Structures are given as structure tokens and as C-alpha cells.
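Please see the structure below; I have some questions.
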Amino acid sequence: MDEVEVVTVADPTLDAPAFVEGLPGVGHVGKLAAEHLVEEFDGELVRRVHSEHFPPQVTVDDESVASLAAAEIYAVHAGGADLLVLVGDFQAGDAVGQYRVAEAFLDVAASFDASEILTLGGAPTGEMVEEYTVIGAVTDVKHQERFAAAGVEFRPSEPTGGIVGTSGLLLGLGARRGLPAACLMGETSGYLVDPRSAQAVLEVLQHVLDFEVDFGSLEDRAEELEEMIREFQEQQGGGVEAAPSDEDLRYIG
Amino acid sequence: MDEVEVVTVADPTLDAPAFVEGLPGVGHVGKLAAEHLVEEFDGELVRRVHSEHFPPQVTVDDESVASLAAAEIYAVHAGGADLLVLVGDFQAGDAVGQYRVAEAFLDVAASFDASEILTLGGAPTGEMVEEYTVIGAVTDVKHQERFAAAGVEFRPSEPTGGIVGTSGLLLGLGARRGLPAACLMGETSGYLVDPRSAQAVLEVLQHVLDFEVDFGSLEDRAEELEEMIREFQEQQGGGVEAAPSDEDLRYIG
Amino acid sequence: MDEVEVVTVADPTLDAPAFVEGLPGVGHVGKLAAEHLVEEFDGELVRRVHSEHFPPQVTVDDESVASLAAAEIYAVHAGGADLLVLVGDFQAGDAVGQYRVAEAFLDVAASFDASEILTLGGAPTGEMVEEYTVIGAVTDVKHQERFAAAGVEFRPSEPTGGIVGTSGLLLGLGARRGLPAACLMGETSGYLVDPRSAQAVLEVLQHVLDFEVDFGSLEDRAEELEEMIREFQEQQGGGVEAAPSDEDLRYIG
Amino acid sequence: MDEVEVVTVADPTLDAPAFVEGLPGVGHVGKLAAEHLVEEFDGELVRRVHSEHFPPQVTVDDESVASLAAAEIYAVHAGGADLLVLVGDFQAGDAVGQYRVAEAFLDVAASFDASEILTLGGAPTGEMVEEYTVIGAVTDVKHQERFAAAGVEFRPSEPTGGIVGTSGLLLGLGARRGLPAACLMGETSGYLVDPRSAQAVLEVLQHVLDFEVDFGSLEDRAEELEEMIREFQEQQGGGVEAAPSDEDLRYIG
């Protein structure tokens, strides 16, 4: 196998698609949002990306069939907008691998004449989130207005530690190729898988790319999760009124 | 030395051998099972595989002779079935190395026209195992029936974390080469070296590949181990009746 | 992207510039000193250096614009002395990367016909520093006199653990290219960002390279920091008189 | 710089020298022994070996001169025996680097037509050592007699974890080149720098290679260390009679 290997599964013609990334990260916000798009719009798998920098393992599906660790790129027709959506269970495990895999993703974007890069993620707040603000970063200040009009907040020098991993590199390396790129981060506690934050990110995407998606399944998932938290609180003797402490919520999801 | 170096020790003609892997892993189930085959059928060493990705060390044998860290592949005539059996004390220490060493193993399998890949391992249950079920994963759903007939259970999306290391990669990379591949995992507590789980895996292998092997030495080893556990319990003042806690059993073996 | 990639932003003519390095390290002494030079003398960005060995991330600036992790080299006219000043937020994360990035920095130095290498850093004392001594190491004993005349102390075999990272490698690799090189280390507790130690290092540099720089902003920063420490002490009930323990000061800055 | 770079400092003619390795390891036994040979016989530096796999740093000598991390190989005339002695402060930090640096050392050995490889180290016992036995491992059982005659003990499958690092790889990789190789390990507590164990190893070497070396400076160092331990015991209120516990001795040296 090559260091990074891109397998062509299908090669449909797309109209200047936005390349949308949603790999695992804080609160799985980006992953939930991107997978929701693939499911709701019945995306077509176009590329499978393997890499020696991914964990050396196979995943096992619900039919007990094992598949080599991969990231997948789907073609998605979201109303009038064409998208390429990157999903998967892994990021590269080392810095060099992160750079090389990100370049391979951008090669795929280029091969479909992608118009822009939109990376999705979560911004950890460290406390329960009441209102799901989406914060943004761009590669050129002139692109901010379009996102701001969709409700995205641009806060100076946030996130303070920068944007780490594929969501960050696609911006940095995309800009070097002349591709406009933005990262949209839904605020989230950081302790829980957060479908509500994913929905907030998707609402921005709807506005920016002009499509509509049904949120039923994300809402169901959010409610299931909230039910789990309530049960957990009751077990702890707290009752529904007691606010869960951050510590209690850690690692649930 | 090359990054991965395959040394030819012998080159017998084999009849469409199954390539059986048993490197160290959970409960050393795969390693015990594979080594048992090599010992009982008096296997012939055919390849020695070195790699810069193996730990930088030598092993010292019972004559105080030092040998460079290696994996070894034996030709085994098990009744009517020919096997290639991969054993060793090491796996590659980094992701890139895992991929490259696994490809080298598959090159050896191909050079002998191997008919299929069977990787052996343990599935940790976290508690003492009463009945030694073997669970399976395959690269194509159509191969399940043959293993199910031998008592293998296929459980949706298990193991949940996927199959990590050589046992997993030989499936994922083998499938890419068109080689049918399956992983057979004996349930085991995960706290002990487990010869009984290795025997359960070998019983499946006997059925699938149609050979018979004597289990005397594995049973002896299991009894020695169980005696050690009993002694440990008595030292702890528990008496034979007291069930050992999982904590007590951790790291024995 | 190449493993190390040097982007030319500008290419001014410089007169035998000293190449001054100030990447993050102990007490951020080198970084504070080098950034102070760039700011006070209104440095011109001449090279941006990216590397797959830098952390896989973007930084986000005060306009929410994301930029790929980079080190930057500025041309600085400091009175009569021309300087090339290396600043940034990152060092390479692995040994091989450290060597390759350092060689790339030296290539830039060579392309400007740099006359010498001066790396700036902090020498941790483990206790609060009253008098800010600067200690030095050189690549040739004959260069010591010039620095000693500027107040630098040369202590046998100090720092005992050697000089780690870019500040060290630029000496070791620079010497191999025949470039005179020295490391100037301001004593600092090691627990705090230390602008006063940075000033001590810059005072040596002024003397050695014959320029003058205003220290107002560094002094302001030192006073802010000292105010923070005083407030912290009062919160701890210690009063202004109580000396902060080393433990209290750890991680402030 | 190349990944591994061998700098020729001198090129004397040597008569079938034994290549003796003493890099840092358990109790610094090998390092002390090898450095003692270089000092007592006034060794001539013949090669300096740098590598990107060594720590990215410089060492600073007693004149405050910084030198790039290196291993050094000295030509030593020990009575009638010619030796090449490898010393240094570093081993490669990763597995791939360990293999590549070891191959480079063997290339130097080959360029001098070395007759054999002798690696020196310590074998940790976990308790204070009364009698300094030297245990051995070889690459061919036929070489044992010569070392056994010098008092070396060969114990089945010891050390149990194999021999890790350069001392091990020079055996494993040396054997692949047809070079006879042995590892001589002085028993040592594992908690202390141990000049007495180094002396025991050198006594074996004297016998095997037929030379005589003065042990005065090693004995002085051992006595200094023992004095330090006595003082430490008295501070602990134990008096000279009290045996130091293993815990007390840890990290002294």
C-alpha cells in the first residue's frame, strides 16, 4: 500500500461542490453534522482513503465484515448545492501523516473542482451550553461577511490554541492552493457527544450553501442522550432539578 | 538492513496452504494456538522476517545465543492440510511499520499461493470465561457459513473497537489483494495467558481445515496455570472455594 | 507540501546579518527577546518556514484568520547592524524534524550571507532570580572574549544537560558549516514568562552587535506580570511581604 | 546532514581490532568500562558519528564549547591488542534510528577489518551485588568456551527480556554480516552507576583479548561513590552497619 492511497469508487460530475469535512473531534460535532448530510441526502461514496498513518486496524460492521481503516468521501446533492463530504472514524496518528493525508483530501477536492473548503468541528466551552453559538475562522478576512450573515461569530484569536488536526490543516494547506476555506465550530461543553451543536453548525451550512435538511434524527439522538443524562442524575440521587456537575457529564455519550 | 527484510530459510512446495497468524496479543491466545501447531506438527521454518520497525533488540535462547528480533513463518503439514504459520514475539511498534510488515507477510503468503488468511487472537470479556466461545470477523459475508458451521459466532459490530495490529491488517490488506481472510477470536478474560481459549480456537481450525491435533501439552499448561491461581488464592487466605476477583487475576500468567 | 518548505516573502539586501533565533523555550526568554527586536525595529518578513514536523494545526489571529503553523524570519535593521530574526510559536515535534528544520534555517542564513548565528534562550535556576546573569556557550573558544566583554558568563559544562532543540542544533549544525555560533541564555526561574531575563539577553546583544533598543514595552510587560504575582500572593493571604514559594509561581505567565 | 553521518577524524592502520561498544545503559557499566579503556590507553579519535535519530541537542564541555550530539569511535592500542572503542552519551531515540545507527557502527568496524564485536553492559539484579559475576550472550555457541575460560557465565535464556539497544543490535546485525559477536554484562543492582561492575567486565576483556589495564581510577570512583552512600546512610540515621534499602540507593550515582 502507498503511504496514502485514494481509491476511486465512483466518479460523478459535480457542480463546483463545497468540500465539507467532519472527522472525529471535540464533541463529535463535525462528525455528527457531516454524517447527517450523507444520510439525509443519501450520499454516494466516491473515494475511500487509506493511509499507513491511520491506526493499523480494521473496523467490523454489523454483518461482522472487517474493513481496513479508511476515511470516506461522499458526493451529496443537497437541494441545489453539490457537496463533497469527508467522514470517517480516524485521523492520522502523527504530524507528518496529518499533513500528507490532508494534502490527499485536497487533491480529491481539486479533482472535483471544489469551490471551497468548509471544515466542521466543536469549540469546547468547559461548561454546559445553553445557546449553541457557532464560531468561525477563515483563510481570508473578506469571506467573513457571508458566514457572519448566517449567524457565525468571529472572535479575535479564538480558539486560542489554534485549530488542530484535519479541520485546521485543510484551511492552512487549502489556502496555499488558493482555495477559500473556513472552519465552523459549534460551541459544546466538550464532555459529551453533542447533536444539538451539530445541528447549530448545519443550520449555518444551510444558510451559507442554500439547502434545507431535516433534523429529525439528530433531534431524536439529542433527546436520547438527554434522557440518559436525566437517568444518570436520578441514579446519583440528584433528581431532575439538580444540575449535573461537569464531572458527572464527562465521558457520557 | 532493509526496512523489512524477508530471509528465505527453506522453500518447500505446499498445496494451497492457509496462512495462519498467531503473534502476541490479548491473552496470548493466537500465539499459543499458532505455536501449538508448529510444535505438534513439527513445522519447518521457511522464512524469517526482520524489520527496523520491530523493537531494536536481540532475544537470547536457552544456549545463550542471541538472535535479532524476528517473526518466523513455518510450513506445517497438518494431516491433509498444508499451513503456513506465522509466529513471533513482536509486532511493529508504530503504525507505518505495522502496515509495511503486514504487507511483507502477505507477500510471503502470495509466494506460496496461499488460499486464505486466518488470523488468531483473543477477545477480552473482562471477566472469567466459563464457556470458550470463538467469535469471528470475515472480509466477505459469504465466508461466514463455513466458520459458523464450526461453531464460530458472528456478532454485529464486534469487537467494538475493531481488530488492532497484525490480526486486523492481514484481513484489511489481504482483502485488497483478493485473498479471503478471517479472524478467529477466542473469548478470554484478558487478564491471563489463556491456553483453554487457544484450544477453543484450534478446535475451530481443526473443523474448518479438516485436521486433528493433540491438545495434551496445552491442557498441561492450562492445568499448571490453574494450579498457580489456586495457590495464589490460598496465599490470599481465600481457600479454594473463593472465586478470585478480577483484580487478583490481573497480570498472572 | 515538502517536508520543510521555505516560502520567500521578500528578498532585501542585508549587510552580513547576524542570524538571531528566538523560538519558544524556558521562560520564553528567547522568544520575548527576538520578538522585541522585530517589533521595535519594525522588521520585514522575508521567509516563512512550514514543515510536516511542526504540529498539524493553524493559528488564528485577531481577525479570525487562520494561518498554517510556521516559523518566520524577519529582516531587522537595528541601528548600524543588520539582523535576520527567527521567531515563531513552534518547534518540530520529533528529533528527525528538529534536525531538518534547523538545516533549513541555516540555508536561509546562508542565502543572506549571515556572518554568525546567535541563539537566545533561558537557563532555568529553579528559584527566583535577583540578578539577571546571561550565560553563554560557543562553537569555538576564541569567540568567548567578545561575549565576555558584554558581561556573558562562561561556566564549565553548563547547562549540564546540554542545549536542547533549535537553539542547540543551530550551534552544532552551524559549526559544521563553518559559521561562528553562540547561545546566550538568560537566567530565569523556569516557572514564569520572564521579560526581565529577555531584557538582560538583549542588553548583551546590544553590546555585541552595537545597537540600541528601547525596553519600554518589555518593562511594561514585566511590571504587569509582577502585579499579577502580587495579586496572586494577596489572594493567598500572604501579603506583599511574603515571598512566593516556587510552587505558587509555577505556571503563571 | 545525512540521516546518519560518519565523520572521519583519523585513519590509522589497526591489526584486526576487536570492536568494543560501551554506550549508556544499566548502571553505566558498559560506558564506564569503554571510557576507561580510552582514557588509560590514550585512545585516538578516529570517527565521529552524528544522526538525526540522536537527541536534537548539543553538549557543552568544560570550556563552554558546544558540540553536536555524537557517538565517538577511538582506536586503542591495549598492549598487543588493537581495539576500536565506541563511546558516547546517546543512543538513537526510535527503533528505526537504532537499526540505522547500529549498521553505521558496523560499517566502521568493517572498514577497519574488525575481527569481532564485543558489547559491554550491565545486567540488573534488583539488589546489592556482593560478587561481580559477568554473564554473556554470543551469536554462535562455539564462541562460548573462550569467554567461559575468562569466567563469564552463560545462563539459559538470560537476560529474559533480551538485550535491548545498541548492545543487542550489534550482535544481531553483526551476526548477519558474519562477524562473531558477544555481549558481556556485569551484574549490577541497577540503581547505581557501578564502577566495580565495569571493572569485572574489563577483567574478562583483559583475559579474552590479552592485555592489562590499571584500575586505579575506577577504584577511586567506586570508593567515592561508596563514601557518598555511607554519608547518605548516616544522614538517614542508619549508621554504617545498616544495610541501605534498595529504595535508598535508587538514583544515586
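Labels A, B, C and D are assigned to the chains in the order they are written; within every chain, residues are numbered from 1.
Everything below uses one rule, namely that contacts are C-beta pairs under 8 Å (C-beta built on N, C-alpha and C of every residue); 3 or more make two chains touch, one makes a residue touch a chain.
Worth saying up front: this structure is predicted, and the values here are computed from it rather than measured.
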Copies subunit C and subunit A - interface residue numbers shared by over half, same or different: different
Return the chain whose centre of C-alpha atoms lies at maximal distance from the corresponding centre of subunit A. D
Which whole number of Å gives the spacing of the CA centres of subunit A and subunit D? 53
For subunit C paired with subunit D, centre-to-centre distance based on mean C-alpha positions, whole Å: 38
Residues of subunit C engaged with two or more neighbouring chains: none
Work through the pairs of chains, note which ones touch, and then classify the graph as line, ring, star, complete or other. ring
Throw together a list of every chain pair that touches. A-B, A-C, B-D, C-D
The answer for subunit B against subunit A in the complex is residues 92, 95-96, 98-100, 102-103, 136-141, 144, 154-159, 162-166, 168-169, 171-173, 175-176, 181, 183
Footprint of subunit D on subunit B - complex, ascending: 1, 3, 52-69, 93-94, 97
